[in-house]
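There are structures below to look over.
Shared between the two complexes below is subunit A, which pairs with subunit B and subunit C, respectively.
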Partner chain A sequence: MDTPVERPLRILLAKLGMDTHTVGVTIIAHALREAGMEVIFTGLKQTPEMVAAAAVQEDVDVVGISTLSAGHMRNLPKLARLLREAGAGDKLLLAGGVIPQEDKALLTEAGVHKIFTMGADTREIVAYLRGWWTERQAADAA
Partner chain B sequence: MTVGIASVEIATGVIAGRIAAGARAIRWLDDRDPRGAAVLGAIYGATGRAHIVGITGPPGAGKSTLSDMLVAELRRRNRRIGVIAIDPSSPFTGGAILGDRVRMARHTLDPHVFIRSIGTRGAAGGLSRSTHDAALVFDAMGYDIVLIETVGVGQDEIDVVNLAHTTIIVGVPGLGDEVQAVKAGLMEAGEIFVLNKADRDGYEAAHRQFGLMLHLRANARPDDSWAPPLLRAVASRDEGADVIADALEAHLAHLKAGDGFARRSGRRACAQMVNLVHARAAAALLRLPEATRLLDAVSACEIDPYSAAERLLAGSRNDSEGAA
Partner chain C sequence: MTKLSGPIRAANDNLADDLARWEAETRGPFLSSHPERRDPFVTQALGWPIKPLYTPADLEAVGFDYRTDLGFPGEYPYTRSTKPNGHRSQFWTMTQVTGFGKGQAWAKRARYMLDQGLSGLILEYDLATTNGYDSDDPMVEGEVGRAGMALDSLEDLEAAFDLPFDRLKYLMSVCNAPQPVNLAMIIAALEKKGVDPRDFVLHIVNGILIEYTCVGRYIYPPEHGLRIAADCIEYIIRNHPNWAPLSIIAAQLQPAKANPVQEIAFSLAIACAYIDATLARGLTIDEVAPYMNHFVVNVDMDFFEGICKLRAFRKCWARLMKERYGATSADALKIRLMTSPTTIALTLQQPLNNIARLGIMATACALGGALKAIERGYFQSALGREQYERNRDLEEGRRKWVGVNHLTLPEEKREIEIFRLDDAMEEEQVAKVRALRARRDQPAVDAALDKVREAARNGGNLVPVCLDAVRLYATHGELCAAMRDVFGTHAPDAQLAGV
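== the complex of A and B ==
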């Protein structure tokens, strides 16, 4: 081809409901930008419906939710379902923040692919995303 | 082969106005995936109807907030709107934080509003590489208006005027000398001027300055049949959207009364072809083995870049004559 394909990973970052803890999501946004990814930030006070609609419009590869105010058991399974219903079930769904150990299995079952909680190293998050993205692109090319 | 099938499916979806299809087409075009060009070829016949509107101005002037209120007003007028919101990509990592959606959140669930955030990915001039293509996709999807918010621009980063039918220049009071900076490039371009943040101190003074600048511009262009209005807005309070929407409609009517609309669309298509030829021809030339040799020589200061470029071009001319 004349011009090489350039495919930076696109990720949507959002916070749901009345959760106003912004430090974690800001750190993640900057870490991913430094790692060469395109971060679409939708802001606070989003609903699962809004996140699903924005994820489709932006054609992101990954949807990342930062949740610290205990809404995750209600919001995240709903978001996973809405994404599937919108034909966007192939997007990677990540969550981070304050998520008790005992909730993780249920969330994973509901369609959250990976969870990073307090103290997660941003380098580890970047490495995980890069690994996933490499595999995804290899699968798409095959 | 799969490229072909996938592109046809997406192109069909774009023309049917399906959001997921449009979103994927724009992604391919932004990524320079060959499937993107195939989609564009297939949808091109369905383009040419949308009113393409640019919004530009210095960083922080309120372009996103203004876009948000303008979308609300245009929705009241029953228009369907595609928004392209451009933010800068890091020149070092290529990464970006695209945050314009934050100010437009109230439209997220409106099925007649499609907002797309795009990183500049190395393009200068206030647009991204793919802005033109994304506008065509929105046009083919049937959006009445395509609103393009550029990155915050300085004086001469006004590529959007080559792309838009109508360009809105956003200024703000309190910049003092920066109005001087704005005047050079921005005041020469644009069909609608909006002085935002009219709730701030210094509005009257800024209004006088902008008015004077527009007066000088009018004197310098006696043949201009469009007199750019200078409008007041407080975007954070939803004030001024109605007059801006009126001005947009007036300018569109003005363009359509003559051959302005078609002329601008044609000018845009030509500019795009020139861009493509530039990019492709340069890439093709630089792939030649001779290019690598010459670059090595330039890098070692054995030959000056002018002579090296000339030699590369001369070589390719000989090649094409030889082949003919």
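== the complex of A and C ==
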């Protein structure tokens, strides 16, 4: 087997539904790019179907959803299900934005792997992704 | 006994010379043993340097003239106030935003707010409505009734307007991109309730240009967006002269990280676009300007800059109207300011601090402004790099924010009841609009929608044809789609430059 070539992590950032609040996702996109990751942004007004299809087509490692308009309890579980159905359940699914503490357990159960809410430090998010990516690559190489 | 009043030293004729002496003899030696805490001291929003002391010499240096540069309250250029007696004759008006769930839920909340003493309300719609979709459109699944009231047809407004209109005298409606549809629906609902439009003020925000600039709830390309906004303005001026057809929401620029100078400049430029489009309909500036002078402005924690911003707004508006447009009537020269504390300054962490923050911001509003609305729950869109840099300043401690990066209490527990919308609401709303479509006079609706397409194509005013269609229970989403057939949609890529 060839030695795996080390490549940067690819992440798809997306906004679901009619939520047009983009300050958070803009900050995250800049921080991840600065940390050497490949960032693809879907643009606004996406359905879970559109995001799942883009994640598969772009062959990303991580899908990150920014949500600030209270639609998360419906559209995040739906996206997690669609990713699994598309055979892309191994992609890391992240969410960030205005998500009440009380909703986290249900979202985790539905397949969201990690949730960063208001006040999350971008350095903490970068460190988390780097850690996950190192482990994932090691697991893939094994 | 020694007399304590009077100058200790003989006054110099030239204050600037005295100041230089003070610096050399008094402040200078003090500084050598007491260095300043910060280098440099700058204003919060603009980063302008702050001197340790200001005297009349500073005004003299810039050639300040009290009469022309400041003037008296209630007189041109209205810097200090558009009213001659400040708040001593009457207080500012207070309004609040509300909107969630179905029409019935809004009516119930609105009645409660009227019972608490409000006489005006601001109605917000959900994101399905403001983006031009009906509740059963697959694009908006999960968002029905969440960020505001769901509005699909005249039925929903009939339910929402189950109100004592003898007490509700002012309603502001926030539905920018689909404005002619929304205006028509409200007119039809008021007719059904038997409300005399002369005895009630409907204020439509009609703020499509700010949506393109930094909010994102647009549907059609900007040229068509401005045209339909002008249709609504013209319709109101000609048919309901006591109503208000526009607000310039400068408050959206501030959380998008525009500084106060950009905020005033951009929002006046936006006002000019509306004015020019309306003047082209054959009205004069003295007729038009009193309908274009309502600005909603946020005040942040930068207390003095917030006050100065409101004063600058009044002066800039008066001069713009007089010098660029040749306005002469006092009503044209006076801006109307609605101000609110920015929600961007508030934190989820250690939320009791928000009380002090709101107190400081509301005080700046009162000192600088005239009208005040609390809790505009808006957000904004990308001014990419700058937003990232501001965030880095916080993360790396160059800016302090209590509870976020300063004096944080990680162990603090918060027990706040979160507002939850009943999940069944969306299904009920979807069923309601589908049932409506099944029972109405479909051929008549189709013909009315064709009339809307025709007006969109040939440039006729869209409000009357929308009014005919909503009376037949054509839905909000159908009417928005009919215009989309002609105008096309605004490519969202433009939004994303900053990401």
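Here is the rule we go by: the second predicted complex is superposed on the first by the 137 of 142 C-alpha atoms of A that agree within 3 Å, B and C clash if a C-alpha of one lies under 4 Å from a C-alpha of the other, contacts with A are read in each partner's own complex, and residues count from 1 in each chain.
Heads up, the rule we're going with is that a contact is a pair of C-beta atoms (placed from the backbone, for glycine too) under 8 Å apart; a residue touches a chain by one contact, two chains touch by 3 or more.
The structure displayed is predicted, hence computed values, not measured ones.
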Practice problem: Quick one: classify A:M18 as touching subunit B (first), subunit C (second), both or neither. | Solution: second
Practice problem: Go through the superposed model and pick first if A:E102 touches only subunit B, second if only subunit C, both, or neither. | Solution: second
Quiz item: Counting only touches as set out at the top, which of subunit B and subunit C does A:E58 meet: first, second, both, neither?
Solution: first
Quiz item: Who does A:A86 touch here: subunit B (first), subunit C (second), both, or neither?
Solution: first
Quiz item: Looking at the overlay, what does A:E6 touch: subunit B (first), subunit C (second), both, or neither?
Solution: first
Quiz item: Touch check for A:G43: first (subunit B), second (subunit C), both, or neither?
Solution: both
Quiz item: So, does A:A29 touch the first partner subunit B, the second partner subunit C, both, or neither?
Solution: both
Quiz prompt | Common interface residues of subunit A - those touching subunit B in one complex and subunit C in the other | solution = 29-30, 41, 43, 45
Quiz item: Where on subunit B does subunit A make contact in their complex?
Solution: 19-20, 23-24, 26-27, 31-34, 89-90, 93-99, 101-102, 105, 108-109, 114-117, 119, 121, 279-280, 283-284
Exercise. Using the touch rule from the top, collect the residues of subunit C that touch subunit A in their complex.
Key: 127-128, 130-131, 133, 138-143, 146-147, 215-217, 255-257, 347-349, 379-382, 384-385, 387-388, 391-392, 395, 404, 418, 421, 492-493, 495-496, 498-499
Quiz item: Across the complex, what residues on subunit A touch subunit B?
Solution: 1-8, 10, 29-30, 32-43, 45-46, 49-50, 53-54, 56-59, 86-88
Practice problem: Please name which positions on subunit A make contact with subunit C in the complex. | Solution: 13, 17-23, 25-27, 29-31, 41, 43-45, 47, 68-71, 73-75, 78, 100, 102, 118-119, 121-123
